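One chain, chain A, appears in both complexes that follow, with chain B as partner in the first and chain C in the second.
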Partner chain A sequence: MSDVSLYGPTREELRPLLSPRVRPIVLGALLPFALLLGWQALVTKHWLPDYILPSPRDLVLRFQLEVNGGRFWLDVGTSLSRVLCGFAIGSAIGLVFGLLLGLSRLAELLFGPLFLAYRQVALFAWVPLLSMWFGGGESGKLAFISLSAFAPVVVNTWRANRAIPEKLRELADVLTFGRLDYLRFIALPGALPGIATGLRTALIYAWIATVGAELFFDIAPGLGGRLNEGRDKFEVDLMLVALLLLAVLGLVCSRGAAFAEARLLRWRGR
Partner chain B sequence: MSRTAGANTAVVVPAMLLVLWSVCSAKGWLPDQLLPAPSAVWQQLLENARSGDLWSNTLISLQRVGEGFALGAVAGLILGACVGLSRTLREMFDPLFLFVAQVPTLGWIPLLILAVGIDESMKVIVIAWASFVPVVLNVAQGMRDVPAGLRELGQVLTFDPWFTLTRIVLPAAVPQIFTGLREGLANAWQTMVAAELFASSEGLGYLISLGRQLFQLDLVLAMVLVLGAVGLAVNGGMALIERRLLRWQGSVRGQAA
Partner chain C sequence: MNLDIRAVAYEQAELGGSPVLQIERVSKTFRVGGRTVQALAGISFAVEDGEFVAIVGASGCGKSTLLRLILGLDTDYEGEIRLDGQRVRRPGLDRGIVFQDHRLLPWLTVEGNVAVALRRSKLSSAAKKKLVALHLELVGLSGFAKAWPAQLSGGMSQRVAIARALVNRPRFLLLDEPLGALDALTRLRLQDELARIVRNEQSTAILVTHDVDEAVFLADRIMVLEPNPGRIARVVDVKLGADRDRSAPGFVRLRDEVLDLLGVRSGRRAA
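And now, the complex of A and B:
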């Protein structure tokens, strides 16, 4: 970033009210703080009945109750293990299928159009089918989460392999690489950025699908199940706590995936 | 390999699957509850088309997507532009917005049902939110990422802020804005199906969940096919509009490079 401006001082330089380090924190906290204040005002003035809008304090109490009661860890743990299992299954199959499409012209011709057609169907349309084939329990949920993680990995792996520079292919020819060597030294490293993008997207999809699966399939432990429970019992505090946790876990998922991607690709910077 | 040969190869696998599927159900290897015959699915499709159920439910689904997407996209364009143009606003909105956006859209449905009921408004709000998020993110990003050279050009030519916005920032941000709109529409479509599965009495998602409740997998599969076809048409339409609107870009970008 250049600090020298040809056009005189910028607005920020004229008014160094807050240091650049503090500014984003202060400004970022402004809106949530105002929201909290307005919420508390709504509750204390009794503009909305308690059962519709619990106070922030109720939320904290509910959270404590869940943590102390032990259910909290079960729900979070179950949801997380579902995401990770479904992600692992779906992305492993997706990786193999994507590599196949990317490496073999014939496989691409045979399966490519079918896969593209499959992608046109909205993900949730598979819920009824999967629940009949795999049941509404754990295996149905895992099947749905795996399916959601599958497509992004395939697409990105496939495309990344197609985009490997011609020069590298020629190099492999010159060095008379066999198929395995080509896969190991050219295809996988060359397609790694694309594959990483696919995996990151897949993890986010898997997270969305987990919440969907917990809402749509049979009720079982898990944050989505708690949302349904909150609706059935009209416990808004439970729903808000579950939603907050969903946001936190979603943040962990996406940040974790971005971090893993950066680590995975670090060698490329050198 | 020639184009037609490619097209022929593309048909091989689906055709084989279809044959396998027919044989499976003809021999009774798989019960109808698990996989109905292709002919039954086709019959179901024809029946629904003839009775008009197919059209009326497709229209309702499309209408929900249209309303929700329009609402979400307009709101997203406005907020995205504000956040993209003003650093102060961005620093104010970003943390809260990025946090709230982490909640999968579906998670809001149970709470929304308590707040506004299971009627039309619930579906439209959820769909609007689903399209709102990517539009905001992409519009803001696009407006922020205007090449510094173009901005300097505006300063050299002493453009006023309005002129800078309409002649420099907006045109430069258009591709990214479209990315946001495309993602928003795709999200709206996905969310429509989910919301209709969750609670509705009309629409394609409703027909699917009806088929599930009646154990009529032929109806479910027929509607999955319809969803795929309509989804393809919607995506294709969006891509067409995008290409038309971005046609000027090829030449401009080419010259700038």
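And now, the complex of A and C:
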């Protein structure tokens, strides 16, 4: 290092304060932290009564209470297992259906229009019908969540398969691939980026549908049920705890999905 | 095994039998926007066993179309194409192809891309492994077996494509402007390698190119096509031996002859 620079500070000296690993975390946490401070100020200055907006401290206490009460893990576990089961069922069927539509021109002509019509129906419009068919209990909820996860997987798988270049189909012909080899070496991996997008979207939809199912179907353990309970008992702290937990769980799920996707799509290069 | 096939072919030749690839009065028309365009008109040609034939011509003269017909990707044409006396009906592993774009599968490693061509082979997996390694060595990429296509340069990708085309030990190596997308230096280097590889594999090779130097450097015979509709202008014998010098008088004379046939005046020489 030269002792005196004639040209102002060097790159070295201008390096940002935080290392590139820490920087995004700190910057990302800045706003939530500021909000938290503002919130606490709002409550301590008594600008809002605490039965409308309890303080962050109240929430921590309520969270501890729920954890110690023991019921709480059941709620989280039930909601999580609903999401995952519905997601698994819906996306598995969606994957098969999407592949069928993508691989067979005949299937596309037969089922395509019907599927597109189905997509026009808003998700929650199915609630009354499904609760009649499957009941308001667990199977009705699961049917609703599966149905929500189904559509995004179908659309993305279908589209991704259509987008496989003609040149790769030709390559499969030249290598005298049968249908199974084509599926395994070209169609599936080629459509994988699209399928991954579909699965990620399906996971988000499954979360939406889970909370919706817990709000609109029969009351049962689950975070959505707790939200209802909070409203009925006028316990804003319970509702806020449940909402925050939904945010955290959703974040964990989508991070997990992104990680799995990055592993599967390593070949796309760095 | 290779030797057996050659012996049979030799016997046939002695008995006045047939060459390994026969193209007889082949015509091909396309319908483009309601209009009929004739791509090939009455092409007849025969390729001998072990021969290296180059097909040159201006773009649009149907040279790639002809290669697709030999591959069996398109069977809708007049006339007949026969391999060992059998009419071509579909693609087969007796024909390996290198396209202008490498067409590697980006989700498979280099090794996987070569191995995928052996899916239909009945060899044991150990034998397949060995073949893959052998052919990666042949194209000089042994050190890159585990690399992803996205990490390779254009020249390296094309080497992998060559290894994939050869790994089934095809009787025919079809090359559709395989070096056309590469930079000039890489192209020259790969021409040397192609000459060595084809000699080593003893397969019959058909090269479609618009690079006349490349044709003269690699081929035993050059089929010169002219366009509208695509037909043979002339077939030029290249009698230059195995080690060819791109600046030797014989080489330059032959190149100019082919360029003349293509309607490109080799200016300096004519002046």
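Keep this in mind: the second predicted complex is superposed on the first by the 234 of 270 C-alpha atoms of A that agree within 3 Å, B and C clash if a C-alpha of one lies under 4 Å from a C-alpha of the other, contacts with A are read in each partner's own complex, and residues count from 1 in each chain.
By definition in this document, a contact is a pair of C-beta atoms (placed from the backbone, for glycine too) under 8 Å apart; a residue touches a chain by one contact, two chains touch by 3 or more.
Keep in mind that what you see is a predicted model, and the values were worked out from it rather than measured.
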Overlay on chain A: chain C relative to chain B, clash or fit: fit
Inter-chain angle, chain B to chain C through the CA centre of chain A, in degrees rounded to a multiple of 10: 90
Partner contacting more residues of chain A (chain B vs chain C): B
First, second, both or neither for A:L175, with chain B first and chain C second: second
Partner chain in contact with A:F234 - chain B first, chain C second, else both or neither: first
Touched partner set for A:L129, first chain B, second chain C, both or neither: first
Which superposed partner A:A92 touches (first chain B, second chain C, both, neither): neither
First, second, both or neither for A:R268, with chain B first and chain C second: second
First (chain B), second (chain C), both or neither touched by A:G112: first
First (chain B), second (chain C), both or neither touched by A:K167: second
CA minimum distance (chain B, chain C), superposed complexes, angstrom: 15
Residues of chain A contacting chain B in one complex and chain C in the other: none
Touching residues (chain side chain B, partner chain A) in the complex: 1, 6, 9-10, 12-14, 17, 33-34, 87-88, 91-96, 99-100, 102-111, 113-114, 155, 189-190, 192-194, 197-198, 205, 208-209, 211-212, 215, 217, 220-221, 223-224, 227-229, 231-232, 235
Chain B partner contacts - residues on chain A that touch it in the complex: 7, 12, 23-24, 27-32, 35, 52, 105-106, 109-114, 117-118, 120-129, 131-133, 207-208, 211-212, 215-216, 224, 227-228, 230-231, 234, 236, 239-240, 242-243, 246-248, 250-251, 254
Residue numbers on chain C that touch chain A, as the complex places them: 71, 73, 90-93, 95, 97, 99, 101, 103, 105-108, 116-117, 119-120, 148-151
Residues of chain A that touch chain C when the two form their complex: 167-168, 170-171, 173-177, 181, 185-186, 189-190, 192, 266-269
